[in-house]
Structures are given as C-alpha cells and as structure tokens.
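Quick heads-up: structures coming right below.
Two complexes come next, and they have one chain in common, chain A, joined by chain B in the first and chain C in the second.
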Partner chain A sequence: MTGRFSREAVIRWAPLLVLIALVILFTAINPQFFSLRNFARITISSAPALMVAVGVTFIILMGSIDLSMEGVISLTAVLFCMAFVRFGGNLAAGGWLAMPLILALGAGIGFVNGLIHVRLRIPSFMASLAMGFVGTGAAVLLTGGDIVKVDDDVFRGLLTYRVLGFPLMVYVAVVFLGLGWFLQTRTTLGRNFYAVGGGEDLAHASGLNVRRVRIAGFTLAGVFYAVAAILQVAKLGQAESVTGANFMFISITSVVVGGVALWGGVGGVWNALVGVLIVNTINNGMVVIGLPDYVQDGMLGLLVIVAVVLSTDRRAAIVVK
Partner chain B sequence: MDFQRFKPHLPWITLLVLIALVGVVDDTFLRPANLLSLAGDIVPLFIMALGLTFAIYIGGIDLSAQSMANLITVVASVYLASMGAWVALLCVIVGFGLGMISGYVTTRLLVPSFISTLAVGGVAFSLAQYLSGQRALNMDAMQRDAVFGWMIGKTGMIPNELFIAAGLLAITLFIERRTTLGRALKAVGAGEPAAAASGLNVARYKILAFAISGALAAIAGLLFSVKLSGGAPTIANGFLLPAIVAVLVGGTPLTGGVGGVLNTAIGTLIVAVIRASMLYFDIQATQQQMVFGLVLIGAIALTIDRAKLRIVK
Partner chain C sequence: MYQLAHVDKKFPGVHALKSVDFQIGRGEIVGLVGENGAGKSTLMKVIYGAYQPDGGQILIDGKTVRFANPRAAMEQGIGMVFQEQSLIANLTVMENIFLGYEQQFVRFGVINWKAMAAAASAQLAKVKLEIDPATITSALSFAQRQLVELAKVLTLEERVQGDLVILLDEPTSVLAEDEVKLLFKLVRELTARASFIFVSHRMDEVMELSDRIYVMKDGAVVDVVARGEKTVEQIQHKMVGRNVDKEYYREQRQIPYDAGRELLRMEGVSLPGRISDISLTLHAGEVLCLVGTEGSGREAILRTIYGMRTPLTGTVTIKGQEITRFTPRNAVERGVGYVPRERKIEGIVAGMNVYENMTLSQMGRHSRAGVLRIGGERALARDWISRLSIKASSELADCGNLSGGNQQKVVLAKWRSGGSDIMLLDHPTRGLDIGAKEDVYDMIRDMSEAGVGIVLVADTLEEAIGLSHSIIVVKDGAIQKRFDCQPGAKPSLYDLLHYMI
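Right, the complex of A and B next:
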C-alpha cells in the first residue's frame, strides 16, 4: 500500500491507536472512566513514570539498557528531602536550592554509570544494575530505614494546585518532555543517539566518538531520573529507600509498548509518552472497571503482550532476543 | 602463559581470591562445615540461576523466574496433601509449560523476551494469588518430611541440597556439552541469523531454552517451599536480581553464546561468598547493599571475557 495508509504510517500511529482503543474499551465498560477527574488521576501516576521513561529512552535508542533507575530515584529522592529540609524546609526560604542540586547529582550518578560502562567495558545491563544496588544501598545508609518528610505547602502545590483540572506536576512533566523532544530532534547529541543505535560500527567509522555519546546519554538519563524523584516526592510528600521501587521493569515495558525497539535506533520520546499512558491507562482502567486485584498483574502482562504485538514494528527486527 | 589463554579462567580465580581474602580475615570461614553450609543455603538461588543461564545463553533473558518460583511454592503447598510425591512432577510441568509460553510469545509473536517473560511472570503472580487466596500457606509437617524430607537433611556433614544441585548441574552440563540441543543453543546464542541460515529450527530451540529455564525455576521454588515448609505468592521475592547477577558474574554475558552452566555454578558461589563476607568484615546491615553493588562492579569487571564481545552495549 502507498499513500496515507502505508505500512509505515500505520506503524507510526499504532501505539496511539492502541491507547485510543483502550480508552474506548474501558469507557464502554464503565463510563466513569471518561472523566476529567480520572484523566487527572492517570496523568498524576504517569508524570514521574514518564520522566523515567524519557530518560531510559535515550539509553535504549543507543541499543544499551539502564537498570539503575530504582537506585538513582531512591537516592536522589532521599537526598532531595534532606537538602530541602536543610535549606529551610520551604521553597521560598531556600528549599528551591535543593532542585538544581539534585538535578546535578542525578547527572553525576548517570555520568559515573556511563563511565563504568564505557571505561571498564562492562555491558550496560550489568554496570547499571550494580549502580542501582549502590544507589539503593546509599539511600538505605543515609536514612537508616527511616522516612524523610517534606511538609511545605508551596512545594506540595505541585500536586495540590490544579490548572484546568490537572495538577502542576503534570505540566512540569510536559515541559521536561518538550526538553527531551528538543534534545532528540534539534541537537547533535540527539542525532548521535540514533547514529549509535542504528549501527555502532558505522557511527564509529564515521568518526563519531561513540564512548562520549554513551556517557552523555547516561548523564542525561540521570537528570531525568532526578526529575522523576522530585515529582515522586511532590506526589508522596516523603522519601525513603524504596521510593524508587517498581520503576525499573515498568518504565522499560512502557517504552517498548510505546514502540521503541530494544535493539536501538527506533522510536523516541513521543513513543515513551504514549507507552507510559498505555501502561497507566491499563492500570487505572482495571481498577475503575472493578477487576479483582489478584487478576491485575496477569491481565497487565497479557495486555502488554497484545500492545507490543499491535504497536511495534517487529518486521524490522532481524533477531528478536 | 599469555593473557588470552588466561582469561577464560578468571571467574574461578576470582572466586578463589575472594575465598582466600575472607579466610585471611577470619579463618573460621574456611572450615569445611562452614563452607558446606554456606553452599547448601544458596542452592535454590543456584537452581534458578542454572535455568536463567539457558535463557541468557541464547541471548535472551527470563524475568519470570522469580514469579515462577513463587507460584510453585503455592502449587506445592496446595497440592502436596492430595497428590503426595506426584506434586513434584506437577510443579516441573507447570514451570516447563509457562516457560514454553514465554518462548512461544518471544519467537512466534516476536515480542522481546525482556517483555514476554515479564508478562508471563505477571500471569504467574496472578495465578499464585488466586490459588493461595492471597494468604501464606503451610505444608503439613509430617507429610512434608515423609515425601520431601530427603531434600533438606544432611548426609554426614554434607547438606542434601548440594546433591540435588550437583545432580542438576550434571544434567544441564550434559545437555549443554553432549547433546544436539546444547550445540544448537550455542549456535543460536553465538549468531542467530547464521544458525537460521544453516537450517536450524531456531524457534523450537529457543522455546525449549525458555521451557528449561521455567522448569528449573520451578524446581527452585519446590525446594524453597520444602525448606520453608510452605508457600506464598511473594515468598521468593528478591531472588531474581541475585540470580541474574550470579549468571553474569560467572561469565555468561547477555549477548549469548559464551559461558555456560559451570560458569553459573562459580558465579553463584562468588555471590554467596560476597554476601557471607559482609559478616566477616563486620559490615553494618545498612551498608551491605551498597558494598554489594561496589564489589559486584569489581567482580564483573574481572570476570567478563571481553575478547568475545564485539560491541559492548
């Protein structure tokens, strides 16, 4: 087929179609699903997850993988709360200083992660997994198992203050999504991610410093994880050593459901957005239609398989691992 | 001896160095009884890692292993009373079957194994919750001892788990080294397009690899439930990442075709020694996970044979 309904066009829009189909399905079962309140709920749970997904998208684009997010989020969330309290305990008095500090820290952890992967020549799966252990371990060490709270109405406004029905944190996530899109499409670094993912040999032979691109990618991912940590703290009002738990598998699943290929070079931040929305819509929808909670994990698994089958261009894959 | 020939031996040399290091600090660690009980405790993790080796050997991953073991602890606890010793067969069949489904989804529906096994893991978790009624279950102690008591006793000073581990290691080693299946798996792991072009039925062998992984995860779960005399849908949580780590530290990289079950045996022991060493080095509970991560980076950096990785992804 050619023209508007060519195979490429269908594949590009397939994840979005899956998302729309899910919304129609859940609405048909329970009309209350289709309401502003519920959409706000979905976007609140999506906001931190989206930041993690955007971060890991850059890594997956390069054909690598990053499993450090749980540790990084726990550590940055805990340190954010501690710094916030140390700087006065409210945003106006100096607590805002904690934000750039934590973003820089996220970048630093990502940089170290990339450095271990590239300099010690350890595959990213293992390097980042070990870094994740270190991050969680550091969070345990800092908190000693306790919870660190942040009670500042202005900061919690990220969750409580709503514009057009959606809380501020959703808009913050959208801004950072835009930043990710800008980096991906309008900068040399973004193009280099695709170059490395599309064929590392070729990128190297063309004179690209592949190692530097990889380290930059992990650093960038670290910044996005730190944003996720801040949003997660805004959502929960506290941080502990398990704040980052469950972000690892679900973020990678989301990215793949959205149409990003695990072998690299295919997809982008829009796919991450649609994927995160698909996974969170499924999770929310199962609750809204009143599915028993013990069925939900299995149902999520089945729906994710269906979504991946429908929404990704698997014919491009020579080998599916 | 030049360094290239030295490289494949790095995993067990790392293990010996670690054991020696801990032994220097505290020589009670080196007592045979201590080493044996240390090895005995790690057997369920080892069996799970043994299964994962097959998935990783063909360049995939099996993230369902932990949920599979959880489900099997529940299955074993629920059906021990009615089925007696046959429950072991049921457990292995369930594991093999769910593994086959993972393999089918991966090879026929072309869903990456990272996602397909995670999804099957979710299904297993739901099944476990449904079967158990979301409660922790207990086995009847008498019946457990009568049917599976032999698994957890001691013969002389050797824990019986070690015989099970050795038996499974021997079987999987035989599959890997002496059967067509083992050869085929190596071919698939080393280069799937080449294996397919040579006329190998790649999909069938990959499905089998995932099924073996599932069956071994099931055996791990069975042993675990016998040890704890019960089961629950979350009882084996926290096993997955250490099991993956054990495979990787042993020198089977995620790219496939390199390493094998013997490497996993060494890798599991390295993980066990690192964990146990925390006790001997007086490392606080709150510091242990961080230290584990740091030591892990060092251990992996030492044990990977990079000559066989074309591109480090």
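Right, the complex of A and C next:
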C-alpha cells in the first residue's frame, strides 16, 4: 500500500497506459497516425471486434472460454444477408426485420452452446470450439461458397453516414458497450458472473443456480456475436462463410490484453474495450508506419505478448496452464 | 536418537508449540495424542521439515540439524506417511515410489523400466504387498495405497546413512479392522528398520501400538506415558484438563429454547458410507452441537440439511415441509444458511466487495426484473457493518483483504440479513483469534435470542459444551448419544470423549 501508486492501482490502469504508450509510439514514428481520420479507421475496425470481445468477456468472467465466435459470426452474417434480401432488400421495406431475427438466432446458438457445455458436461473450450465449426459448416452449406451481398444505402449508412467524423456503427457499438456495462454492474446476472468466476463452489453454496448462470452467459455472448455479425456486414456490404475469420484471435487476445483474468472473476467490459483498442491500434499503427505486409502478423503476435506482460497481473496465478 | 529440545513455533495470534521436548529411540514406536488444535499437526510438520521452528533445536544423534524443507528432512532419514495420501493417482506404483528419485534408473537419458520395477518390487516386499509395480495407482484399494506410501518412505533406507524415523498420520482412519491389524503387525516388524511416530484419534489403537505416548494440549506436551502406565481415561483427562470458562462462552446469556417451535426434523437419514440412520430435531432458539472426530459424519449431516447431498433413505423436514428436491437453492429459500469451514472456498468471494458478498444469496430481494438496486444493497451492508462492528473501510472494501474474523462476520451477516432462521455453522471460529472468537460467540447468542435455530460443529469440545443447548455425539456416521446442556448441568468433556472414541 503506497497510496496512489499502489500495486493494485498500477495493475488496474496498466492496459490504458499501454494503449496511451502505443499511441505515442506510433505518433512519434509517423505523426499522421494522430488524426481524426485515422482514429475513425481504428474505431471502424474495432467496432465488430468490440462486440465479440464484450460477449466473450462475460464467459471469461465466469472462468470458462468460448471459441465459437468465428462460426457463429459467419453463420449469422450469412443468414442476416439472406434474410435482409428476402425481406425486401432494403431497410425501410422490411429488411430491418432481419435484425431482431438474427439477434434471436445468435441467442439461440449461444443457448445451445451453453446447454451442450452444461448438460453434457463437456468443457466449454471443447463444446464451443466444436459449435463454432458447426456454424462455419452451416454457413458453407447455405452459401455453397458464394458471397451474399447487401446493397442498401440506408443500411450501409451505418458505415457511410458520419457524425463528428465517426460512422454510425461506432455509435451503435458504443450503445451496446453501454448495455454490456449495465448488465455487468447493475443486474443480478452480471453479479452472478462474478460470483461464479470468483468462487463457483461458493456461488453454489449460496444457493445460486450455477448451471443456469452459465447457460445465460453463453446465450448473452451469442447475442453480442450476432451484433458483431451485423456490424461486420455493414462494414463489408457482404457476407460469406469466412466472414467470421480472425475474430477468435482478436477478441480473446483483446480481452486478455485488456486485463480480464482467464481464471475468472476479474475484469469487465471496460477492459475489453481497452484491449480491443490496443490490438487494433497495433494493427493500424503497423500499416501507418509502413511495415511490410509479411512481417505484420508476426509483429502483432510479438506486440501482443509484450502487451500481456505489461498489462496483466500474473502474480496471482500459481499455476498457469 | 532423534530429539526435539524446547521447540517453539508461533503463528500470527497463535502460540502453536510451546517449548516442546520430544525424543524417539531406535526401533521405538511413539504415540502422539491430543485434541484438535492441540498442536499435533504443527509438531509433525516441524518433525518432517515442512515448518522451521522459531526456537529450540532439532537433534539427530546429538547433532543439531536444520531442515529447509521436507526433502532435506528425508535426506536425514525422516519420512512421512500422509493421511491424505500423497500418491499421484494416474502414475504407476513404481513411478510413485521413486518420484523425484528416478535418476538412479536413467541411462543415456532413458529410464530403465525393468530396473525400476525390480527395485520397486524389493520395496513392496518390505511391506508385504504383492502387486505388479506397473499397476496404475488408482486401481489399488485404499489400504494398498497406504502400504505403497509406506514402501515409498522406506526407500529412504537405501538412500540415507543412519536411522529412519517414519511418521504415520492417522493411518487407520479409513482402514477396516483386519487391515488395521495387518498394518500394526507390519509396523512392529519394521521396527527393525525404523522408528515410528504414530498419530491417531483412536486412543485404543495408540495404546495398543505405542511404546510411549506423548499427550499434547494447547501446544505443549503435558505428559509422557509409558506403555501400560495409565488407562485410557487418565490420558483423556490429561488431553482436556482445563476448566471451562463460563464467561468466555457467554453461558450466562444462554436462555431456554422454544420447544414448541420445531424448525428442522431429520428422520432415519442415511447416506451410504457417510451417515446412517440420523434422526434429530432443531427448535427455535436452540443451539445444537454435533460432536465427533474428524470424518465422523458431522459435515455430511450439515450438507444434507443444506441440500448439497441427497439422502438415500429417511426424510428431512424444514418448518413442517418435507424436502423432496435437495438443492442449496431450495434450502436457502426455506431460510437455511450455511457457514462452511473453508471460508476462502465456500464462504466469501475474494475480489468481490462487502456488499456484493452480503447480498449474494438474496439478490432476488434487491432487484426488480434482474436489475439491482445497488443503493439498497449498500445501505443494508452499512447497517450490518455497524451492527456487527465489522472492521472494513467501507461496504466497498474487497472482502479478500479483510481479516479472518471480519470475513466470518460478513458471511454471518449474509445469512442473517437475508432472514435465515436455521443456521448451519461448521467450525465458525476456526483460525480466528480470541477476540474474534468472542464476537462470534456473542453473535451465536444473539441469533439464539432472536429465535434462530443453530446447528453447530464446534472447533473444540469446550466450545461445543459452552455454547450448546443440546449435544449429539456422532461416531462413524451414527448418533451415539444425545446430551442436554442446561447451564449448570452440562456434560463434562470426559462424558463426550467417552462416546466419541
């Protein structure tokens, strides 16, 4: 306990400090990094990833893991495009109906995911990974490998219509982030996530229905994946069976870099936000400073390791598996 | 040969060993007895090197030694056979026997399994266990594993110059009678190879096996008895000794319970292997103590009431309603609160703050449609912090940073604030310092006055006697005897011990 600079305080703010340091670093190398246009670019690429990260944060808070995001996003994105076209092909004519439909579908997939994990007693790692493959497979089956396009100017307005320099989809992501924060801090469900992650035996011994909490967590994550899918379609204007690719690495990495503990009970949606921004800033910064393509992936991996080292509290973990 | 001289060990708030003198000769079997908390396990840990004494000396053949860790002690010939077995279940018997000492079988970086199997067979022969050393350990019976563990310790014979001292911690607690006989026969034969320190709750076994018995109480050796010198009763008197302080347990505050209001009734409840035919009743305001040795079934009774275990036969009735689905949730809804022994695992969530912990079992009451009313939660927590004088900076303090006593108060507040009127307390004062203990005693009396029924598993017998209206003695999962404990007419420690062991 050394007042303002106690260990706890440093750890809590470490991810944000890492983010600020990265911004300073990239700006120093190329001053153009520090511009509204570039920040808009970072936030656009961050918006879908943030939704995935918020969803998976709830799962990781419980001490579980969800690896189904890529398949779920591919499937919901493809189905969203198909439904959107079926309902008239533009937002006003009935295309909007696709949105609640897809959110419900995301919830349904998450629910099944949780059910498999809890009822069949399969580790969440395995259950969700398998579920993800099922999702990707279903997306391939539905599209036959083709691309499904959405050409509606109103819907694409999520990307093209800008307020204060940032496109609408960024604000949508912020609204859902706020929703995630509300769920986390203000609802019994959010409190239950922490209780299960912090001490599952205790939660059970306090009369909580731990299984129901787990299933609810996966369902909720499914909804957030579906939001990510819709934003991703808005960004690209199309969907295919690989739309969800890369989201697993980005989201899990972001959550961990942001300071959510993989053993559960520590962190929250703010950590997810900072983590997503760190990863996307690294990605964007490497382009801006002109790093060649072929070193970017490797560099991202290295920088992520550095970011995890700097921003997480690994002393509490006795055994790291 | 092996000797402890004036050994002292202190922990924060506890003087665990007070100038203990102890010695054991070549080929001798020494018994070690004492109540829970008398310091037996601390003494054992000092002997096998897990703890370093704060004062005094450890002497082997007159030379002072100091063990940094159990392995250092092993290298001087001190081996430990653990009560909770320390074998790794998914390895073979021979791998377990030579765990950490495989190097002797390695040639060019490869383990010579044949040589290891032969060496393991030689060790197993010492304990007369005829099994294939390549058997996976989990396939063995409990008694067989105990012998493997003994064989593992006996490998010291080849590795160590000088004499062996082997500690046996409650080796008989899970053995059948004929297995115990075999073990004792074996131990007697092995005295040709080693000396033994035998720790057990079963007084008759200690008397049978030991050449001398050390009796411990409150961290000190109060007597050393040679074989046949004293009776079981005399030793038990030495073990408990002290007069009970009535003030300490708030006996003057004990008021009769409301015999007309029955809160809980168990009839013929059995859980195979744990408890059999348990029948008891709990009334409003009654403090009912379950007394017995470790593993006698006290905890299983509590957990059955709390719905964590479903009995095979018998009925549990809470406030006139028979329980059909045994889940903690169900029990909590009927007003049952459970304060488990493992505070850190099942009592509080470290990392969550005081108010979050307090309302964890009753969030439904502080929320509407799943949305929490945090203001109300915090007000409730502030109220209980002042009522129980919990030392926390505020209701926002992390529970993991509170002291043990204050954590316990948070756990009690969690149930009391939720209106629980059947409290199950498992060792509520374990690990607390004296002041915190007295606070807990006060809280128990407060709850009793408020008409709460309490089932208590106390830390010591004195505590059980001092606090309770009634005592039920449990042994091997069955009820032995029920005592009424009106102030002035309480049973003595000896009365209880008689039925316990």
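Brief remarks follow.
Definition applied: the second predicted complex is superposed on the first by the 320 of 321 C-alpha atoms of A that agree within 3 Å, B and C clash if a C-alpha of one lies under 4 Å from a C-alpha of the other, contacts with A are read in each partner's own complex, and residues count from 1 in each chain.
Here is the rule we use: a contact is a pair of C-beta atoms (placed from the backbone, for glycine too) under 8 Å apart; a residue touches a chain by one contact, two chains touch by 3 or more.
Computed from a predicted structure; not experimentally measured.
Partners chain B and chain C, once the complexes are superposed on chain A, both fit on it without clashing.
Contact with chain B, but none with chain C, is seen for A:252 once the two complexes are overlaid on the shared chain.
Residue contacts after overlaying the shared chain place A:302 against chain B, while chain C stays out of touching range. Of the two partner chains, neither chain B nor chain C is touched by A:152. Of the two partner chains placed by superposition, A:70 touches none, neither chain B nor chain C.
Shared-chain residue A:140: touches chain B; no touch with chain C.
Looking at the shared chain after the overlay, A:240 reaches neither chain B nor chain C. In the superposed three-chain model, the partner touching more residues of chain A is B, compared with the other of chain B and chain C. The superposition-derived angle at chain A (between chain B and chain C) is 70°, Cα centres, a multiple of 10.
In the superposed model, A:201 makes contact with both chain B and chain C. Of the two partner chains, chain B is the only one touched by A:129; chain C is not. With the two structures overlaid on their shared chain A, chain B and chain C come no closer than 5 Å at the level of C-alpha atoms. Once the two complexes are overlaid on chain A, the chain A residues touched by chain B in the first and by chain C in the second are 201. Taken in their complex, chain A has these residues touching chain B: 62-65, 71, 116-118, 120-127, 129-138, 140-141, 144-145, 200-201, 249, 252-253, 256-257, 262, 264, 294-302, 304-305, 308-309, 314, 317-321. Touching chain A in their complex are the following residues of chain C: 306, 308, 328-329, 331-333, 338, 340, 345-352, 356, 360-361, 363-364, 367, 370-372, 374, 414.
Residue ranges on chain B touching chain A, taken from their complex, read 59-61, 63, 105-107, 109-116, 118-127, 129-130, 134, 192-193, 241, 244-245, 248, 253-256, 286-294, 296-297, 300-301, 304, 306, 309, 311-313.
Partner chain C is touched in their complex by these residues of chain A: 186-189, 191-192, 194-195, 198-199, 201-209, 265-266.
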